[in-house]
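The same subunit A turns up in both complexes below, where it pairs with subunit B and then with subunit C.
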Partner chain A sequence: SRRLCILKGIYPHEPKHKKKVNKGSTAPRTFYLLKDIKFLLHEPIVNKFREYKVFVRKLRKAYGKGEWSTVDRLKDNKPSYKLDHIVKERYPTFIDALRDLDDALSMCFLFSTFPRSGKCHVQTIQLCRRLAVEFLNYVIASRSLRKVFLSIKGIYYQAEVLGQPVTWITPYAFAHDHPTDVDYRVMATFTEFYTTLLGFVNFRLYQSLNLLYPPKIDGQADIELKPVEGQEYAMDSESYLEKLSALSASLARAVAPAHEEEAELDEFPVEGETAEQMDAKKKEQEALEKHKKLFEGLRFFLNREVPREPLAFIIRCFGGQVSWDKSLCIGATYDVNDPSITHQIVDRPRVEQQVVGRYYLQPQWVFDSVNAKLCLPVADYFPGVLLPPHLSPFVTEQEGDYIPPEKLKLLAMQRGENPDEESEEEEDEEDDNDKEEEEEEDESEKEEEMKLKKMEEQKTQSNKMLPVKVTAGKLRLEDKQRLEQEQQSEEKRLAIMMMKKREKYLYKKIMFGKKRKVREANKLAAKRKAHDTAVKEEKKKSKKARRA
Partner chain B sequence: EKPLHADLILQPDSKVPAPKDILAHQVPNGRKEKRRQLFWEKQAEKGVLPRAERRLQARLQRGGGVPPDRAPEKGRSDPERSFYDIWGADNPLERPLVGQDSWFLQQTKKQRVKRPARLQVKPSQVPAVEVIAAGGSYNPTFEDHQALLLRAHEVEVKKVRAEEKVERQLRIPAGTQLPTAETVLQEQCEGLLEESGDEEDEEAAAQPGDAAKPAPRREKKTEQQRRREKEARALESQQRREKAARCRRQEIFRLRWLRRQVTRWEAELLRRRQARLAKRRLKDAMPRRLGRLRYEDPYLEVQLSDELPDSLRTLKPEGSVLHDRFKSLQKRNLIEPRERAKFKRRYRLKYVEKRAFREVT
Partner chain C sequence: QPSVDFFTHEVMIHPVTNRPADKRSFIPSLIEKEKVSKLVHAIKMGWIKPRKPKDDTPTYYDLWAHEEPGSILGRHKMHVPAPKMKLPGHEESYNPPPEYLLSEEEKLAWEQQEPAERRLNFVPRQYRCLRAVPAYSRFIHERFERCLDLYLCPRQRKMRVNVDPEDLIPKLPKPQDLQPFPTVQALVYRGHSSLVRCLGISPSGQWLVSGSDDGTLRFWEVSTARCMRTLPVGGVVKSVAWNPNPTVCLVAVAVEQSVLLVNPCLGDKLLYGATDQLLESYVAPEEERVQPVRWDTATPEEHAKGIRLIIRHSKAVKQVTWHGKGDYFASVVSDNGNMQVLIHQASKRWSQNPFRRSKGLVQCVLFHPLRPYFFVATQRYVRVYNLLKQELTKKLMANCKWVSSMAIHPGGDNVICGSYDSKLAWFDLDLSTRPYQMLRHHKKALRSVAFHRHYPLFASGSDDGTVIVCHGMVYNDLLQNPLLVPVKVLKGHALTLDLGVLDVIFHPTQPWVFSSGADGTIRLYT
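The block that comes next holds the complex of A and B.
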């Protein structure tokens, strides 16, 4: 009955007056609404459950008596049920289903990584794997991936499916022991329902993209050429799924697309929007289009030690072509020695033979480029280089919060500035300074000096009786600004004085909270400085050691 | 050869012959069966076979193949199952119901019962997949990692403080003298041993409180007394009524004070209502108490600074997604927190030492 509750989406209820419901005792128990249970009983699956119970009893008896023919006969007629109508009942429209897709996807991806021992039905695991692969292929075909985040727990993806942002987590492919405090039956029940839901959603999504469902790989010539090869990797029955899961082939379309010219969409001014908002929307659209074609034209090759599936998925999602070593997996389109490879992803400390014209990069480059929405400069990601930190794209900073300098650089890059050159110049200058003085002049000090110089110049100028207009104008501007500021601060002070005690108390509390944030940001900045100086000193020491 | 003497002794010796066993010759319905057999032989000469034989021949002629094995019905977990457009207009779920009277369908239970709207609401506003904080990245920035470490540190500090609190409460305060056997004995003997001064006081206290004076005898009330009492009562009640009317009349002058009182009471009610609403909102944000166990937050997945990997290849994943999903389901009030069922023994285990050991110990 708990299984039925989970399948139907009926959740336990927390009563407001526990004593009343529990007939006087306050022992904590699980409660369900009576109305919900009565609703449950209308479900046709209840009969199937009863049949299953009877079936289990008969089977056990036959086993016990040793009647093997009976056992076979019973197993052939095993009762089964389908959950389609429950899906339709719980999600009357497609959009409702999309909203609940997060959880379903995470569960399916999780179950597809389980080992095929007897703990959960092997069929469930296979079905989960098939659905996961289909969904990945859909995302590739529709280019809907937006964010990736590598965490210590797993990989978080966010895609935008028909306007709905869908976030899910995929565990890493390395085997890990299963925790014992998890109830597998409950999880299996959830997964049953979610697999059904995901199957229907997949069908609808494929339909919306005009692709065949169940998915077929485009280009029959490939299939004819490679049956021999296929046998090395997997049995015939499974080779199709394996090829699909390689994520390297494009899918066949249901209706052959006629070659349409892309007509420019007419711009209908939406009421209530100003021209600025429309421009902003246009810009967003353009940025999105650019983002979708991030890796177009680039050919990647994945080395053996690099996690193949996530990288292949991401690269293909943004238009790139990817291949890997033949011994890894089926579906490798080109070899290591292909001259047209532009980027090779390696994860070793040193790469022996480097082919000219190829970039050898660590895998973090791919993820960071996707999050930054542009191809980052490759110099930071060469093998053996200390990588810049992998920032989370799911964190949105508000004003007043601390923004790490790496993120500032990233934002600057996105805006189109070239902080690389500036940073290089700064480093050269600093090196020079180091060589000369061994003291670092902070930028702020430099600026202060400049300011002082300006002030002196102004004074001398005013003494020399140069045209007064300029200086007077400046003074007035400053006065105005300062006057305004002073006025505002005075008004503020007056208002604070006039507040009642209660309001003042609240105001002080809020300000304290804000100041605390600022203080913490300053603390973090100071820590960062200390860290940077420490790193720099280490660098210097290592340099000196190398020289000596 | 001559047979053995033992065998000769065992031969039947009597002159009376053994009785004939009639049952061995008896066949039930023997005559009838014989006649039937003869009948069918005659029919066989003619070419007519009994029904059973005829049917067998016909079946053999038909082909006599083994009936095809019905493929086992595959259910919801079949890896090769097909899907269809369930939200489209024409789908296999609703095809049999198209075009029929809704009343008919409802009465014959062919149409499913409508799902109540209250079940469409999700039990919690927490998002399904909560992304880990920025410090959980496999290559985090220094600040984010420190922030995450700080949070984990706070959790640990709390635990340590709870333990210390318990220890503090159980500690014997310094400087007290633990009771020894002598002091305990002395305490128990307090007041038991007889001393001279106590006895006199005890006697003095017993004397007062003798029986109280007998209640005075009542005489019958006279008419006058009754009348007077009645008048007094009537006067009292009239006075009370007048006083009440006067008070009510005078209350007009207390209108302002009364209004103030009412507004104060209303403000108090409003305050209480808001407090209740705030409490309710807080409760909604937290995971509900749905069963015997309380919801416990999962451990923060954090890798110490020296465990941080140099590259993706050397990353050792921390925490399991399965555990995280399970806790997330509990947090969103979809299931109640569960723990593994403990193994309870029905009977107490009995330990028996081997004889050899018993001699030793």
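The block that comes next holds the complex of A and C.
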């Protein structure tokens, strides 16, 4: 059945000879491997499913007859099943499980935001929430977050867990308008498996860091917290998950932490590795260490309009300290008036009563800094300021792709150059500098365009035949290089004519793809240029208006 | 009214009622006994089982504590992991760079596209701050679709071709190394007022003859592009062929229903005088033989123009071609019957019809340069007949829809066929009856093909207005396959009436090629 296929991870296959398998018809049908279905047949969980079905039937009967003692008895003997062996079977090694964690995490995070009524069991939602919070705490403890991205769909996170990139998306914290054309039973079945998987993965991950599982908040932090919440929360166990989900306290370790030992990794020279490679590796390692300690020593305060959980998570992942208003959520460690706060994250147009000695910043600064692997200049992110574009950290531009100018700037900054120091200067000067800058940009863009154009030309040349008419006069004018190039391109054209049909098809397809890429890049560049000129014009106009 | 508190928490000394106890409270209940005995029976029969002990294993434990290598089954090796979801690009940002936002018309196009065809499944939007970002309404949908993909999508390992396109281009010898071949246009022969259908060249290479739709035949001097003579023939000239015998100066011309043998009276006076003498030395045989065609001698005014003999056919003639020795020639009549191909002997003024039955519409015919073979190209096949034994020796499959022209290598072992579906087939007669190679160089229909008599060159002229010259080296070693390399694309003819080049012919001694076009010109490339 469907449920079994989902749990066991059986998927259809595309047959090699579709027509042969489908008895001559080409109508679309799904094909499963016979072996897979046989594999499903001797799965012990099938019996459990049958038992459960029987149980439900009996229960319904008892309810109908009003035999309450039978109902109680049946409920006591409710058959349960476990998916442990399926997890183990599908992921024979831990690394395999980590590789497939993306969907599990996204699903758990989604389910943990569902309301406590209607679409699925409350227990599932609570379990999802618990597992998600545990995973977040692990990421904080191991400092393995690498990239974050604010998209219009939700917030993407990428962590590197034991060398495997794990990406997940969380929705923005709003109530869902539940669509009607979605089969929640399918999603629930997936979640059932994913929670099992995530639980085991969490256990193993906590173990790898010598943390207690289920997680305990570190003793010292607990004591610190207690007097604050003692009055508001009657029961400790109730607030336990909430405290944990506040993400503000470190976790208890089974064994006393030994940071100093870990810090110095022994270097094992690998054979066949050159010194350069070693150096590069070392540098990368250093950069990574630096990235992990990005917010070390900074104290953040989150205003109440800012999404608390993601920001607290990110800041704590990079070593920063974070707090928020006491009435917002438990786990606040310090107050707004704390003088040691260095950054206050604000998302409103202006702030009354600014405290001297701290930066008031918009939340995008945190995200951009994490992606840039350095603390960006704060000037662009003051409250009420028009923010610079937020770029995706997941895009790695290849040769010939379009790179937005902001990214170029960022890359330059990462390399240590500081091209836009001028932009931080006073407003009056800014205009001129801006112009220069823009001109520079324009130039670079032009160069790029020229390059692209050239590429285009070469490609179109290869399609167009050159006219044979070459008079002697023209020949003298043209330099040798050009002639040689022409000759080469003609040779290429002739060689292309001699290609075999299949190869020619492939070649044309590849070339078509390349051309389309260039076209798209050109389009983006042109759009950007048009936009920039429009902005410039507007600036000039407003300036004139101001002068008049 | 004061209330009497009957049931207080205080224990009273008197009971509330004074009723004596029931008898049934002293004796054991029968109903209960029955129930108990039922239960006992059920337990005895094994219908009621003791409660299962709760298993107290923790829900989560170290599942991968013992990772034995044996647990990796064959299944896992065959397993195709689901592809991860695509990571978001700049356009998905809540505050993307302005160039990623869609313009109005792009948005409109996006809306009109089918949801499955869209490259982006969302419209990029820009929000000025994080606070303004709303919930994404399709979030649950997307997760659900991902779930569906995971368990319903067929998975398949696809071999991605990761090749450098440059590697696909075959390594061919450089054209410079294969010189000589015609590279530039040297001369243009102007004079015809309509399309020039056919070309012929004298065996010495000094004179060129061309036939056109304007009803004239023109003789040119090759080296100067001067028109030496114009001969009006009163009809569309379909084909011309210069006698390949250097001692005879004679041109066969196909005009409507007749074939004219014309003495151009160019060059050596002795030579063309000898030709005239040869033709006049004909003595009619005693007994009249029945012939498929009528041989007429030219009238005096025609004789003055150069026409010597007129062979009148019953239908329009579309091609004439000479045998290498220069005595026999063949003509092709456009007709469905068995009278499509006729072989004539000029010295004896004698014609014969070699075929009893028609095997399809004959496109062109050709004599083998060395052996007594005769090539007949129908729409799809080329049949090779042995003229001595009078039998079919080979049937070549051209692998194309409609053969337009044919040429034979001077060595006699290789044939090329041009076709109207823009293909050129190279046959190696020793190898197979199928083409050794199909060349698809032209974009439009091929009109004519030609071999050079000495150099390893062949050329094809097409409706796209180009002449492509190829190097076609044939080795004497039978084991080595011919080497075909395109060396030059010659352009120059303007397209008129969707026609480009109509005929190509090589100079007999030089690596030069002539082409005649629909624009009424003849061009020489050297």
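Things worth noting here:
Here is the rule we use: the second predicted complex is superposed on the first by the 385 of 548 C-alpha atoms of A that agree within 3 Å, B and C clash if a C-alpha of one lies under 4 Å from a C-alpha of the other, contacts with A are read in each partner's own complex, and residues count from 1 in each chain.
The rule we apply is simple: contacts are C-beta pairs under 8 Å (C-beta built on N, C-alpha and C of every residue); 3 or more make two chains touch, one makes a residue touch a chain.
Keep in mind the model is a prediction, meaning the values are calculated, not measured.
In the superposed model, A:76 lies in contact with both subunit B and subunit C. Looking at the shared chain after the overlay, A:380 reaches neither subunit B nor subunit C.
In the superposition on chain A, A:42 makes contact with subunit B only, while subunit C stays out of contact range. In the superposed pair of complexes, A:507 makes contact with subunit C only, with no contact to subunit B. When the shared chain is aligned, subunit C comes close enough to touch A:497, but subunit B does not.
Residue contacts after overlaying the shared chain place A:130 against subunit B, while subunit C stays out of touching range.
Applying the stated contact rule after C-alpha superposition, one finds that A:180 touches subunit B and leaves subunit C untouched. Subunit A uses residues 6, 9-12, 14, 30-31, 39, 76-77, 84, 87-88, 93-94, 97, 100, 102-103, 106-107, 110, 149-154, 156, 167, 171-172, 174, 176, 178-179, 181-183, 186-187, 190, 199-200, 202-204, 207, 213, 305-307, 347-348, 362-364, 387, 389-392, 394-395, 404, 406, 524, 527-528, 531 to touch subunit B in one structure and subunit C in the other.
Across the interface of their complex, subunit B is touched by residues 6, 9-12, 14, 28-31, 35-36, 39, 42, 44, 75-85, 87-90, 93-94, 97, 100, 102-103, 106-107, 110, 121, 123-124, 126-127, 130, 149-154, 156, 167-172, 174, 176, 178-183, 186-187, 190, 192, 195-196, 199-200, 202-204, 207, 213-214, 305-307, 347-348, 362-364, 387, 389-392, 394-395, 402, 404, 406, 524, 527-528, 531 of subunit A. By the touch rule above, subunit C contacts subunit A in their complex via residues 51-52, 59-64, 67, 71-73, 75-76, 80-82, 84-85, 87-90, 92-100, 103, 122, 124-125, 127-131, 133-144, 146-148, 150-156, 161, 163, 165, 168-172, 174-175, 184-185, 439-441, 466, 468, 484-492. Against subunit C, in their complex, subunit A makes its touches with residues 2, 5-6, 9-14, 30-31, 39, 76-77, 84, 87-88, 91-94, 96-97, 99-100, 102-103, 106-107, 110, 149-154, 156, 167, 171-172, 174-179, 181-183, 186-187, 190, 199-200, 202-204, 207, 213, 305-307, 347-348, 362-364, 386-387, 389-392, 394-395, 404-406, 465, 467-470, 490-501, 503, 506-507, 510-511, 514, 524-525, 527-528, 531. Looking at the complex, you find that subunit B touches subunit A at residues 69-70, 72-79, 81-87, 93, 112-113, 115-116, 119, 123, 127-129, 131-134, 136-144, 146, 288-292, 301-303, 311-313, 315, 317-326, 329, 333-336, 338-340.
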